[in-house]
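Two complexes are shown next, each including subunit A; its partner changes from subunit B in the first to subunit C in the second.
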Partner chain A sequence: MTYFAQALIQGLTLGALYAQFALGIAVIFGVMRMMNFAYGELIMAGGYAFLIVGASNPIYGVITALVVTAVLALILERIVRPLRTREATAMLVGTFAVSYLLQALATLIFGANPKTGSAGSSLLQTASVGSLSISYLDILTLCSSVVLMVLLTLLLNRTRTGLRLRAVAEDSSMARILGVRMNVVIPVAFVVSGVLAGVAAVLLVAQTGTAQPTLGVNPLLIAFIATILGGLGTFRGAVAGGMLLGLVTAFLSFYLPSSAKPFTSSIGYVAVIVVLVLLPNGLISSRNLRTRV
Partner chain B sequence: MALLEIDGMSVVYGRQQAVTGVSINVGDGEAVGIVGVNGAGKSTTLNAVFGLARKRSGSVQFDGRNISAKTPEEISSTGLGYVPEGRHIFSTLSVRENMKLARCPRGEFQSNLEEMLDQFPILGERIDEPAWTLSGGEQQQLAIARALISRPRLLILDEPSLGLAPQMVERVFAVVRRLHETGLSILLVEQNAGRCLGLVSRVYVMQKGRIVKEGTSLEMANEDSLWTSPKGGPA
Partner chain C sequence: MTYSQFRRRGFSVELGVLLGVVILCGLAATAASEVTSGVITQGLISLLLVVSLYIFSGNSGIVSFGHPAIAFAGAYAASLFIIEPGQKAMTVPGLPEALISAQSSAVVSVAIGAAFGAVFAGVVWLPLVRLSGIRSSLASFAVLLVVLNVANNWQDVTGGQTGLSGLMYAPSVLSICIWTMASLVVAAVYGASRSGRRLRASREDEVAAEACGINIALERWIAIVVSGAVAGVAGAIYAQYLGTLTPSMFGLDLDFLTVAMLLVGGMFFLRGAVVGALLLTAVAGIFGRIQNGGTFGFITIDPYPGLAQVAFALLTLIVVLVRPEGLAAKPPQFIANWLHRRREGKAAGVDTVEDSAEKTSMEVHS
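For the complex of A and B:
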């Protein structure tokens, strides 16, 4: 029972982190129908900012990471803005280009090898509840995910900006006809995505104590899978996809025999394929298309 | 001077010429119709007026101002209201949220909303329900009310009868007629020529992206070509 509870805690923590990754992708996809391939590099940039500034003061490190990722997200928005009226692939290629550019810049500035630091290392200490143990970082991951989801829900459901974001996500042409300014709404979505990337970067670097130019590659892959698994274009779907992926991965790593553990990710992704075969639109369909006469 | 003046407008989609040299005008307080079969270029014309399709040539003037190069966001503030084909309500948002999205002068939303709910009582009864739960006719009323809440001077309706049961079509046209009687200018696009002629004073007939005929409703009612299609649309 303890073993199961420990796997559940691990799964929830991993799922919460994956949900954050996925939300950052889903926010942009929701309003622009664009997969942001540079999202991983936002995480990478935030990771370096936290590692460097957070070494002396973790709070300043967090703030710097959030500012860096939000500003980079805004710059990315300005870069892809002229491509909005072109074919969808143009924006996709645009984010690819920015992704490679940021990776190359990071290699140039920090080198290709991982840079290590002690930012957030104190969070790796564990607390014990009975026979269960949980690290402070895991608690922070769970709490930050809950807080971010509550804030995002409040933004989307209680503010005028959120209403416009939801409208653009559903039908951007109609939103424009009604006077919703895309050049205001879309940058807001990018900032939200940037902040999510910043928080994810802090949690990742606090866990590993390292940052490298490819830091964002794996989170990006996970974010894509979780977003597609949950249902493209829905925020709830991104959270559901992230949580499910995290839980499956954690339980597999706990319950698979040691000889099969190297295949944890592969088996997890096969499970994702099975879900997508059964539910091609993901766990939560992108919008209610019911029409009545 | 016409309230809306489309002059020699052409629209190209890729390599295909969708609309060629279309000129249409709507006077202040007038109701004008555009009829034509599916694919005649009616909706493309309206999309181009609203900046959603790129104009290759020609100009669009509204209330004496050239709006040819303006974005849809800018056009929405000039006094043009648009109810596009297929209603395009935000299905996951509530009726109130759909209304809130329309551009409305600060402080006037609540009074304008109440006025709309007086005109469309069914919307008041379902104000906090998701829009997808409304029937087709109710969704059309929501689309019209949402366009009206910003108090436009000209309301453009694209196929308001499309996909509606006959009883609902009657109801929607009664609403549009009532709005016109209050002095609102109307530009109505319809495949159903009979319904259109019953409401407007002048009609343009479009075929293959061009205006092929124009005249008063009375003149056009005697045009045989207008009635040869089985649905009452022009041949």
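For the complex of A and C:
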């Protein structure tokens, strides 16, 4: 029972983190049908910012990380703006190139070896409740995810900007005809994505205490699986997909025989292929994604 | 056969020029210094990979991120046959006895790689050919991730992260040239075949093609099998050239490099594959030398790790933004003028139909 509860706690924290990763991708996919491969590098940049600035004062570190990721997201938006009218593949390759560029720049500036620091390491202490143990960082992860999702829900459902965002995600050409300004709405989505990346970066770096140019690769792949599982372009789907993936990963790592553990991520990728082939709109589908002639 | 019949089968002047470029590269590689020759050889190997990507992506219009997985499969199958049985028994004890003792010559092993690449692609892509556009690209990316994950962890069979080593043959410049030229011919002949033309029709307009009775999934499947065979050759040659085979050789870096090369050159054109692969290899090679530091004439440069990648990514990004159809999509002005004059002088024949078809496809994408 304790073992199960421990797995559940682990699953929920992982799920919360993964849902955050996935939301960052889904927000952008929703408004411009673009799979943002450079999202992982936003996290990487935020991670370096937090590690370097946060060494003296964690609060400043968090702020710097958020500013860096948000600004980078805005720059990315400017770069891919000309690609908006082109087919999805061009955007895919554009963000792939930006991702490669940022990774190479990080190697150029910080070197290829991991940089270590102590930013946020105090969070790694664990609290015990009965026979269960949970680290402060896990609690922080859960809380920050809940807070971010509440804020995002409020933004989407209670503000005019949110209304416009949802309108663009639903049908971008119709929204444009009705006077929604794409050059305002899409940057907002990128900033939201950047902030999500910044928080994710802080949580990741606090966990491991290291940053390297390839820091963002794993979060990107996780977000990639989660958004496709949940249905590309829906916000609910991204959260559900992330949660599901986190829970499944945690339970597999607790219950799978150790010889099979390295193959856990393959299960996720195979699930992606199965979902794409059998349920092209994901587990939670949105009507507007169907292509019409 | 008359010239126009040859042309309809894919043997155009353009193919001749491309084959000539490969021969020139081969000659340059034998004449140049060791470093330069290495860069040129790498360019030709990249070209092999990019051609295999072109066969599928260029004709179907779907960017595949899964080709390194096929290349790895082919390289793995080929490499197994050119490693000492004693060494195989140590690194990959999980294989059946027959495979551990099996051995072959270099050429046969490359052929085995081609066959395995084709089979692998044919089986894995069976469900994927039904997908279009971005979904197909993402699914092929997932295929690559599965293959990398399995290859990295299935220690007994793939050798895990350290992979296979002790490949007995290193390919000569001549054999690399021959394989590259063969792949170009395969790509041109496939492109001119019925299946290739049907697939390009589906690329231009999926709905219209389907309405004309084209079975898009079937044509895509044929393309991926042909493309898989070439990818298998490319992987096998790449592994032989380096003398080892590890999953990380076929990781996300190679994935990005090959896709970028094809897009920079021009995804819908065989000449695009050649221009992209050779140009970007040259850029990477030049910046790679600067990045390693050293003295160039009067200038001394400190080493900057990552510089070559920055140059590579910037160039790709600029081309994707500024010339989305690729650098080689339209011929340079003086060649265009010459072609125009040549066509003006010629009476209307079978060729005109094809030329106008090519022209419209260019207009659609420019």
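Methods note: the second predicted complex is superposed on the first by the 272 of 293 C-alpha atoms of A that agree within 3 Å, B and C clash if a C-alpha of one lies under 4 Å from a C-alpha of the other, contacts with A are read in each partner's own complex, and residues count from 1 in each chain.
Criterion: contacts are C-beta pairs under 8 Å (C-beta built on N, C-alpha and C of every residue); 3 or more make two chains touch, one makes a residue touch a chain.
All figures in this text were calculated on a predicted structure; none of them were measured in a lab.
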Practice task
Classify the contacts of A:V277 with the two partner chains as first (subunit B alone), second (subunit C alone), both, or neither.
Solution key: second
Problem - Which of subunit B and subunit C A:R164 touches, first, second, both or neither - result: first
Practice task
Count the residues of subunit A touched by subunit B and by subunit C, then name the partner with the higher count.
Solution key: C
Handout entry: First (subunit B), second (subunit C), both or neither touched by A:L221
Key = second
Handout entry: Touched partner set for A:V67, first subunit B, second subunit C, both or neither
Key = neither
Practice task
Check the residue A:G179 against both partner chains and state whether it touches subunit B (first), subunit C (second), both, or neither.
Solution key: first
Practice task
Show which residues of subunit A both subunit B and subunit C reach, each in its own complex.
Solution key: 291, 293
Completion exercise
Within the complex, subunit B is touched by subunit A residues 160, 163-164, 166-167, 170-171, 173-182, 287-293
Fill in the blank from the handout: Touching subunit A in the complex, subunit B uses residues 50, 52, 71-73, 75-77, 82, 84, 88, 90-93, 97, 100-103, 130, 132, 134-136, 139, 146, 150, 163-165, 168
Problem - Touch list for subunit A against partner subunit C, complex - result: 33, 35, 79, 82-83, 86-90, 92-94, 96-98, 100-101, 103-108, 111-112, 213, 217, 221, 224-225, 228, 262-263, 265-266, 269-270, 272-273, 276-277, 280, 291, 293
Exercise for the section: Would you tell me which residues of subunit C are touching subunit A in their complex? Expected result: 62-63, 127-128, 130-131, 133-135, 137-139, 141-143, 145-146, 149-150, 152-153, 207, 252, 256, 259-260, 263, 304-307, 309-310, 312-314, 316-317, 320-321, 324
